[in-house]
Amino acid sequence: MTHQRKRIEIVVEAVRAAEVTDLLDRLGATGWTQLPVLAGRGRQGVRRGGDLSGVLDNVVIICICGATVAERVIEAREELLGARPAIVNITDCQVLRAEHF
Amino acid sequence: MSSFLSLIPPPVMFFALGFGAGAVRAELSVPEALARSLSLYLMVAIGLKGGAALAMPGASEGLWAALTAGILLSFLLPLPAFLLLRLGTKLDRETAAAVSGHYGSVSVVTFAAASGTLVTLGVPQEGFMPAVLAVMETPAILTALLLARLGGGGDAPKLNARKLAREVLLNGPVVLLMGSFLIGYLAGEPGRRQLAPFTEALFPGALCLFLLEMGLMAVRQLRAGGKGLPVALIGFGILMPLIGGAAGLVTGQFIGLSTGGVALFAVLAGSASYIAVPAAMRLALPRADAGIYVTLSVAISFPFNILVGIPLWIRLAGVGT
Amino acid sequence: MSSFLSLIPPPVMFFALGFGAGAVRAELSVPEALARSLSLYLMVAIGLKGGAALAMPGASEGLWAALTAGILLSFLLPLPAFLLLRLGTKLDRETAAAVSGHYGSVSVVTFAAASGTLVTLGVPQEGFMPAVLAVMETPAILTALLLARLGGGGDAPKLNARKLAREVLLNGPVVLLMGSFLIGYLAGEPGRRQLAPFTEALFPGALCLFLLEMGLMAVRQLRAGGKGLPVALIGFGILMPLIGGAAGLVTGQFIGLSTGGVALFAVLAGSASYIAVPAAMRLALPRADAGIYVTLSVAISFPFNILVGIPLWIRLAGVGT
Amino acid sequence: MTHQRKRIEIVVEAVRAAEVTDLLDRLGATGWTQLPVLAGRGRQGVRRGGDLSGVLDNVVIICICGATVAERVIEAREELLGARPAIVNITDCQVLRAEHF
Amino acid sequence: MSSFLSLIPPPVMFFALGFGAGAVRAELSVPEALARSLSLYLMVAIGLKGGAALAMPGASEGLWAALTAGILLSFLLPLPAFLLLRLGTKLDRETAAAVSGHYGSVSVVTFAAASGTLVTLGVPQEGFMPAVLAVMETPAILTALLLARLGGGGDAPKLNARKLAREVLLNGPVVLLMGSFLIGYLAGEPGRRQLAPFTEALFPGALCLFLLEMGLMAVRQLRAGGKGLPVALIGFGILMPLIGGAAGLVTGQFIGLSTGGVALFAVLAGSASYIAVPAAMRLALPRADAGIYVTLSVAISFPFNILVGIPLWIRLAGVGT
Amino acid sequence: MTHQRKRIEIVVEAVRAAEVTDLLDRLGATGWTQLPVLAGRGRQGVRRGGDLSGVLDNVVIICICGATVAERVIEAREELLGARPAIVNITDCQVLRAEHF
């Protein structure tokens, strides 16, 4: 009654989020969800959003998709990494409605 | 002491309060939405007041000279900035170009603080200065991009011209300032009177709250991005406002502005953008280090301008002499 | 041109600024918390002012007729709206019912803009109009639900009567408007004087900021939900405010309101809800398409009312003739 | 030292979130967490929260639970889907304290 | 009725409106950012007004006695609170200590509401009362920590002294109140005049909006945390403000404050902190139950003080007799 | 082309989030991301952020790390649980750039 899918999670700068979601759209993802980020740490040190220009804000993008689209995302890594995401992680998941993804 | 301190305008004292509270890590914070709202409010109020002032008879005298001079300064100031950075620090070309763009452009709140101080001192200022503020926001972005590309070789970032044009012409602060200025101008004196409780009576208080947050933000940014900041860069963040301000002072006198106008012109030229330019650079020069330009602008030059620059230029412009 | 433009009230110019900035995709945005806060402020201020006005001697004359007429109009206006939609567009019954509910109800900000314009023009208005605004918010919701069920067969959504009653009687804008109105009434003239800097002096400026955001929001919604919008629906979004407004105009004259009151009554009847009704419909008619009713109300009829409706009804009510 | 559990993640309209959490409560979940959503795309196109009525806001609901509760959620799909969630995805996860879930 | 109700200050009516709306679960909510912003605004405005008042000639008479008395009360009031809780309820030592700290400390908004009521009644008050408010915020935290440790055995939470000192001296409200007070003092009469539209004219309206949210928040908290609340605890939440207020009343009269000053002193002593102390307790006494102390302070004692306490202490202080 | 990593997700009070991220830093995590929480339910009942002291606010902390760091986090459970997180769940995931985690 559930179906195997992939869950892709990407942390990326808010100002470049549209590049990532455009890419997901083009690769055939049926949708995505953007969540706000309060703060983070990575190679560039601590990032805390809220400066007035917004350039220090990050977002999390979640995309549930089939294995094929996930493959395409992995293959498009050059283009994806061009948007300089901080993290891309992919998890196996089950979904209820196969026809949606 | 009290009598000396009492000469400091309250908004500047609130900046110091925020900075001090941040420095000792007091548990004080301003909601992000409030900071952004106050920033919008200040731009709308500055624009409306300027437009209404320009609508007064005779107020446009000297306008075109000031606009032209402002645009030129914004175009040119990134050049000395870039030279200083490339010769005096180890910044890569792209980051150096991005930083230099910030210093050609201007800071709305530094302008607001200076303008408020002049009002308190009773020194008149040209009503069109908000328009000068608006036109100085963006020319520097173009210079910065040229600097990033010149000699950048094939490796230089591809410039998406349309995206860039939008970024330059249609960035938020410019649209809001110019739009409010135009509305203030069209609404004229009746409009001014109707909106005065909002744009004028509230202004000093809103500026106090906003500068409180800017003080907190400066420390926060200093802490997040200031650790690795080389001394040479910090020096640049202090020297460049002096260079820009001096250039503005001379230019303002040359084009014949009033004493208050000269002071404001120097303040504008000496100030560094922290809204429009970072956003533009992030998109146009993605390999430049955002941590460096945000920190320099928000945490070094902004405090310097608020605490030292404004009084200095007001004095040098000839106020009170 | 300037002299023609200068007749447009500043808040309307800010709406145009927001709309224009959104249309050219300028990087301008208003924090969501600010938009919601301004919306709360406007309701509180409208309520307080109205209540205080009603507390003045003789001010309640005509109140009951106006309340009754307002309630009736709110109940009845969804009927022509529903007919138009079912005959002239391909909307399903449930979405058509939901949309028609929006047009029976009212828009607080359209009212605020019209009321502000009257103040600027020096045209008096009945103090109890905010109460009329409040009572017109919700009757239309009931009509919409009946329309959704009539002939809906066994498939019609189960109506949770208690949930619905709460939604109708206790929705935020109604409670806030009515509560503030009552407080303003009880506090009377001393309360009015104490709160005037907040409710009156600040009002035009707050309205400017809010309409800036409404302009941005209209474009945003047009972009997100307007793509597939059939021409017939867009036509409805323009025609229905004219029908409603005309009905309001005639009714207002019939019950003997003042010139300003007639204009406001027409504006109310012609306006469409974008806070209370969408929220109620989302819960009561979950299969109706929220994208359509939000887009029609916020992005088509609201701009039309601000730019065309208000001046039209003010003129037709007889102001300046 | 860790224990096998399920992680259920649901994207749903903010106005209907309570229906989902009530269902989770009834099915025996020991808890849930709601996160705000900035924007999303799905079959209905782009949704960006922030309209004044709030009807366009979405939230993400995360629920960590045992296999039994997860089964019940899958079985209650009719009722769950009645709240019209956009996504329901289920992942295997490990938790530290078995007694909590 | 209307004439009786019209004596209730509008901010209190807004509290009732929020409470009522929350109680019937109306769909009304205030953005969190607005609540936090208004809370900041109130502290800044209170501080600035107090500082400016203290700068007036002769205004500091009685200041030191009031500060000393305030500090002492803040230190001592947790003792009866702790005793009551340990003897009359089943709270564990750590939670009892945390709760008692809230009642030694003070509530900024209760103070603001009382001060506003006095202004409306035309009763003068000492200008330095905001300083008393500020110094009373934190001594109670120390007492609470001692109470938590005494007899706590080896199990008592390790006290990180540095962290604690920061929490006590540098918590947000204290820094903001004291900082604004100092700025108001330094800026003196010219500063006061410049900032008056912000700090004075806007104050009653801002307080109305904020109390609306406090009413909503009280119900929300009652619903989330009030379910299991034993009757004995609710009784404590009503009794303790009476004990504190009575102590404040007597002390205020003893140190020779004016009628208005005595009333404010009683209000302060009877009020319970809901910003500074919860935050400090959460860090210093992590095993204490935050649900209990937040609920008691926000949802029981705050409403009681607004609705009953303030009028009571104003009356008992001798106003209108 | 992808690499096996762990995704740790922690719900904790906002006032104690720094204790958790400090621990992650010390255990060798290369980064973490904090997301805001709207509301939640757990053993203590419903928590809805937004009280003025902020003590009722929660956050979600996400940390992508290698198996070794994840092991260390599990071993440091005593210290981690000292910060009183409500949930700690760990999922397997794939990442694009091995060198980042």
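Which chain is which? They are A, B, C, D, E and F, in the order written, and residues in each are numbered from 1.
FYI, a contact is a pair of C-beta atoms (placed from the backbone, for glycine too) under 8 Å apart; a residue touches a chain by one contact, two chains touch by 3 or more.
Please read these numbers as outputs of a predicted model, since none were measured by experiment.
Shared contact partners of chain A and chain C are B, D.
Of all residue numbers used where chain C meets chain E, under half belong to both copies. The two sides are thus made of different residues.
Chain copies chain A and chain F are related through a rotation whose angle, from the C-alpha fit, is 120° to the nearest 5. Taking the mean Cα position of each chain as its centre, E sits at the greatest distance from chain A. In terms of C-beta pairs in contact, A-D outnumbers the other of C-D and A-D. When every chain is reduced to the mean of its CA atoms, the largest separation from chain B belongs to D.
Centre-to-centre spacing of chain B and chain F amounts to 39 Å, using the average Cα coordinate of each chain. Rounded to a whole number, the gap between the C-alpha centres of chain E and chain F is 35 angstrom.
In chain A, the positions touching at least two other chains are 35-36, 91-92. For chain B, residues that reach two or more other chains under the stated contact definition are 31-33, 36-37, 197, 201-202, 279. All chain pairs that count as touching, in label order, are A-B, A-D, A-F, B-C, B-E, C-D, C-E, D-F, E-F. Put simply, chain B touches chain E in their complex at residues 2, 5-6, 8, 10, 13-14, 17, 20-21, 24-34, 37, 120, 197, 201-202, 204-206, 208-209, 212.
Taken together, the chain B residues at the contact with chain C in this complex read 31-33, 36-37, 40-41, 44, 48, 166-167, 170-172, 175-176, 179-180, 183, 185-188, 190-191, 194-195, 197-199, 201-202, 279. On chain A, the positions that touch chain B within their shared complex are 13, 15-16, 44-56, 84. Contacts from chain A toward chain D in the complex involve residues 1-2, 5, 7, 21, 25, 30-36, 59, 62, 64, 91-97, 100.
By the touch criterion stated above, chain C contacts chain D in their complex at residues 32, 35-36, 39, 217, 220-221, 224-225, 227, 274-279, 281-283, 286, 290-291, 294, 298.
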